[in-house]
Amino acid sequence: MTETTQQTSETRRMLSEFWFYFSENRGAVIGLCVFMALVVIAIFAPLLAPHSPTVQNRDAFLVPPVWQEGGMSSFLLGTDAVGRDILSRLIFGARQSLVIGIVVVTIALFGGIILGLIAGFFGGWVDTVIMRVMDVILAFPSLLLALVMVAILGPGLMNAMIAIAIVLQPHFARLTRAAVMTERNKEYVMAARVAGAGRLRLMFKTILPNCLAPLIVQGTLSFSNAVLDAAALGFLGMGAQPPTPEWGTMLAEAREFILRAWWVVTFPGLAILVTVLAINLVGDGLRDALDPKLKRS
Amino acid sequence: MIRFLLGRFAYLVPTFIGITIVAFGFVRLLPGDPVLLMAGERGISPERHAQLTEQLGYDRPIWVQYFEFVGNLFQGDFGNSLSTKKPVLDEFLTLFPATIELGLIAILIATLVGIPLGVFAAIKRGSVFDQVSMGAALVGYSMPIFWWGLLLIIFFSGILGWTPVSGRIDLLYFFPNGTGFMLWDSLASGQSGAFTSAVRHLILPSIVLATIPMAVIARQSRSAMLEVLSEDYVRTARAKGMSPFRVVGIHALRNALIPVITTIGLQIGVLMAGAILTETIFSWPGIGKWMIDSISRRDYPSVQGGLLLMAGVVMIVNLIVDLLYGVINPRIRHK
Amino acid sequence: MKLAHLLAASSLALMAGAAAQAKTLVYCSEGSPEGFDAAPYTAGTTLDASGKTVYNRLVEFDLGTTNVVPSLAESYEVSEDGLEYTFKLRPGVKFHTTDYFTPTRDMNADDVIFSFNRQGDESSPWHQYIAGISYEYYSGMEMPAVIKEIQKVDDLTVKFVLTRPEAPFLANLAMSFASIVSKEYADQLEAAGTMEDLNNAPIGTGPFKFVAYQKDAVIRYQAHDDYWKGREKIDDLVFAITTDPAVRMQKLQAGECHIMPYPAPADLEALKADENLTVMEQAGLNVAYLAYNTTVAPFDKPEVRKALNMAMNKQAIVDAVFQGTGQLAKNPIPPTMWSYNDAVVDTTYDPEAAKQMLADAGVSDLSMEIWAMPVQRPYMPNARRTAEMLQEDFSKIGVNVEIVSYEWGEYLAKSTDPARKGAVILGWTGDNGDPDNFLAVLLGCAATGDGGANRAQWCNEEFDALIQKAKVTSDQAERTKLYEEAQVIFKDQNPWATLGHSTVFMPMSKKVTGYVMDPLGTHNFTGVDIAE
């Protein structure tokens, strides 16, 4: 009983210390706010969007944004080639991007942690095999590998997410393994081992929590990478398929209008940039707050 | 040193085997039958289909195909492209100079802009310059470059008309016996205007490709510099009244650059991925675009060979970076 | 490598000598050719770069029409029974003289026989002169089954003996795969052990001779000085390979090229408004369709297919997808083709009636797949957008549509599966201007089944009998009647929804004169000039 209370107060202290450092970073706080706003937009998309993202207004093809001549007040950011409201598509697109980030990071994180733990803890040939496989994955340019994988699995958002998760996953495995290797011989682990802790318990309860910090930082990095890569795949026609309002796919569809309708090209890209930027700002903040070495520099 | 070298090579062998398995296996898993693709909308009779499949050797057991594939690799045979029927290696080598040229110029821009940016930001830590340049670096780092490329085209080629839209050089110039490196060829040809034309064609694609590495290098340089600046010997030098720029020039910069070099090396893989997008946007006749085309054409041997060769290039560059790092920083060698 | 040196020498001389004065036409082509031998390839891009520039054929399509006229053959005769075609060759036709080949004789019967036999005779060393090569058009046009024998009567006379009367045969001989190559050059390459150069450095009798190719970038040609029809007005022809339509347009506007194919529909307005450009247009010899699988319930019922066709607002699709670059289609063949039956009335757009018809047919809560091609084709600018619009239309009559797409190769394969569920968006561009090339290839009973081009799996005995009869009839008036009748049956049965025929546009600089659009969709630069 007392042990748990001690633990909670310890956690609370760490959290408040973390928040102290994190909130010192203005960029990170801004990033977090933008990110939260995105989450809200994604959750309440059906309420916020003025139109359905897929309904085609057949009498309003390629309407420019409202402030430009010919714009219509019902379509704030204009419409695309089949008369869909761009603002609504962007709002619903936030859902796609967040889902992509969450799913990819979850898959990559779990896969990577498990592989890294196994490799680091068992060592020997198990370690060699796993790490060599990771080396092989990392030897290919990530986007190319993802592209070929999507070509194999078939174009689509789910397959794109799986492919991206697979190419991002070695980073987690490497980090976890490295952390396990250093932690493994530390006193507290030795002590736990002597006390008779099982291997699984050692791996998950004792070692893992101590190497969470770099994993969290890597996780945010991967989140933004996932959003970018998924958009790139969508742009190349291999990601989410139309009419899904995914931003990269919207850009791919808009390419033919590059000189005629700047708004169909500009806004989806801007949405990707803002999202990725916000996440990277948060990532920077997290790194500074979690990494004691860089904390004071 | 030799032991270190041998060790590094030995380490590469299993990775290389893994790469061949992945390249071969992935391509075999690709759905869609190249024979059917050749037939197009017309369709093809089952007999003719079987005949062509046999002709291409796709009817044999997969492991036979694999060992033949690896065996041929050692003779420098990467197979023939299904669409052009030419050796994949030849196709790769014809197009590779275009990608190398673009990549080298991009990494040059990224380094020449990124390092000074990062270093100055570190020296002037907390200043407006630091904040603006690091803000810009973060934006660059977050940039969807395919969109960035489109914006630049709209602005510089479409609205201002300053840069050509695509291609590597004006069609007026023609170097049939060239090296494939347009900057070099145009200079060597001595034709007036050729070099300028090549440069003008290279500007936008290389800026787009340089964007992310530039941001990474700038950020990395800044934090490496900050770290060095906080070390005792630098503080001492500063305390002795040395001007900050001398401190930086003499002591800090060299030490700060060591991790930056690794970063630059690691950007090669990023560049390769970036080349796929950049070349697609600018119709740049390099291997990135060739890979995309080959994937969509189901050109099995080309995808396979291309995957292998690109991975090979990344591996070799990483090896060189490793060795370079070992040379600059002797401590590594003995670890 | 040796070749490269030779090319280098020649072109440098070219640059130095005439760089200022040479008339150069720059064509922003849409893709890289697969090779320069016109026989093994089917892509229009490849045929433009080889068949139409470098080579001639025995007979050719009169430029701007689908009429077959003599070319390398001065004249021809068809025997009474339709089984023997005798060609009298034109004397004095010169092959290209280049740095890599100097012809010692004029074109003769040996060249003709070689050009066909290498495709048909599997024992010829030239049949597989490049590993994995195959002659898709030669077999696709059923030449192995049709040609019994090719005889050399004398040096300038060649006789084709057929196994059966084949009305489209002459039109087939006008296609690029039937290009006449130089046997002398081939022999020389064979002796030198560089057979693959037939595909890399072509020699033909055509208006332009090949100079150099830089992969994915540029192809260069020069006018053939001794061309039998007379030298071309332009000196150099350059294909600047530019895959992106938006980029092609920008290059055209920037004066980096003179003429371009396949503009993006969205850009047409801007192109037409540009005062330095003219935009030529012509109805394409093509059709885009939605093929139901007529062997799978409930699409096996003609009234269900008809109801669905009535539910689609085809005009809206033509407007939004083709953006003014297409026209409504009611028949499976385009209106520019002979035998087009203009008396056929298209199904009317009437969602209410369609709903009723579905209910009458006992179909409710129908869910179906619509397959959308992942690529843009000349007959269909954007299949995805079309599918989305069909989805909307069908939802209004209570039919739930799921849009499916596969990678292009897979799409082509899976769509021929006889058990396929769902309707497929696809299309066709004519090869030789013969209605048989649409109706038999796409809707004949022989084309059903796995791997066949009849994606509706539609085998209607009455229809099939008509087109089979038309195929062996040589009288065109009679054939016309048969095909017209077949189109009526087609409309009555609705195996497809005919979505549209696209219009083909060729934007070009106002300086370009004499360009003639080919209804068959190829790009020819004979007779073109550039005004100063």
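Should a chain be cited, it is by its letter among A, B and C, assigned in written order, with residues numbered from 1 in that chain.
Definition applied: contacts are C-beta pairs under 8 Å (C-beta built on N, C-alpha and C of every residue); 3 or more make two chains touch, one makes a residue touch a chain.
All figures in this text were calculated on a predicted structure; none of them were measured in a lab.
> Using the touch rule from the top, work out which pair, A-C or B-C, shares more C-beta pairs.
Between A-C and B-C, the larger count of C-beta pairs in contact belongs to B-C.
> So, comparing each chain's Cα centre against the centre of all protein Cα atoms, which one is closest?
B
> From the C-alpha centre of chain A to that of chain B, how far is it in Å?
24
> Centre to centre, by mean C-alpha position, how many angstrom separate chain A and chain C?
Whole-Å distance between the two chain centres: 46.
> If you average the CA atoms of chain B and of chain C, how many Å lie between those two points?
Taking the mean C-alpha position of each chain, the two centres sit 38 Å apart.
> If a residue has to touch 2 or more other chains to count, which residues of chain C qualify?
244, 250, 406-407, 410
> For chain A, write out the residues touching at least two other chains, lowest number first.
151, 154, 255, 258-259
> For chain B, which residues are shared contacts with two or more other chains?
Touching at least two other chains: 31, 153, 158.
> Enumerate the contact residues on chain C facing chain A in the complex.
244-246, 249-250, 264-267, 269-270, 316, 320, 323, 374, 384-385, 388-389, 392, 403, 405-407, 410
> In their complex, what parts of chain B are in touch with chain C?
Those residues of chain B that touch chain C are 31-34, 36-46, 48-49, 52, 55-56, 80, 82-86, 91, 94-95, 153, 157-158, 161, 164-168, 170-172, 174, 176-177, 283, 285, 289-290, 296-298.
> Which residues of chain B touch chain A once you look at their complex with the stated criterion?
14-15, 18-19, 21-22, 26-27, 29-31, 135, 138-139, 141-144, 146-148, 150-151, 153-154, 158, 223, 226-227, 230, 269-270, 272-273, 276-277, 280, 291-292, 295, 303, 307, 310-311, 314-315
> Sort out for me which residues of chain A touch chain B in the complex.
Against chain B, the touching part of chain A is residues 27, 132-133, 135-145, 147-149, 151-152, 154, 224, 228, 231-232, 235-236, 248, 251, 255, 258-259, 262, 265-266, 268-269, 272-273, 276-277, 279-281, 284, 294, 297.
> What residues of chain A sit close enough to touch chain C in their complex?
Residues in contact with chain C: 54-56, 58, 61, 81-83, 151, 154-155, 237, 241-243, 253, 255-261.
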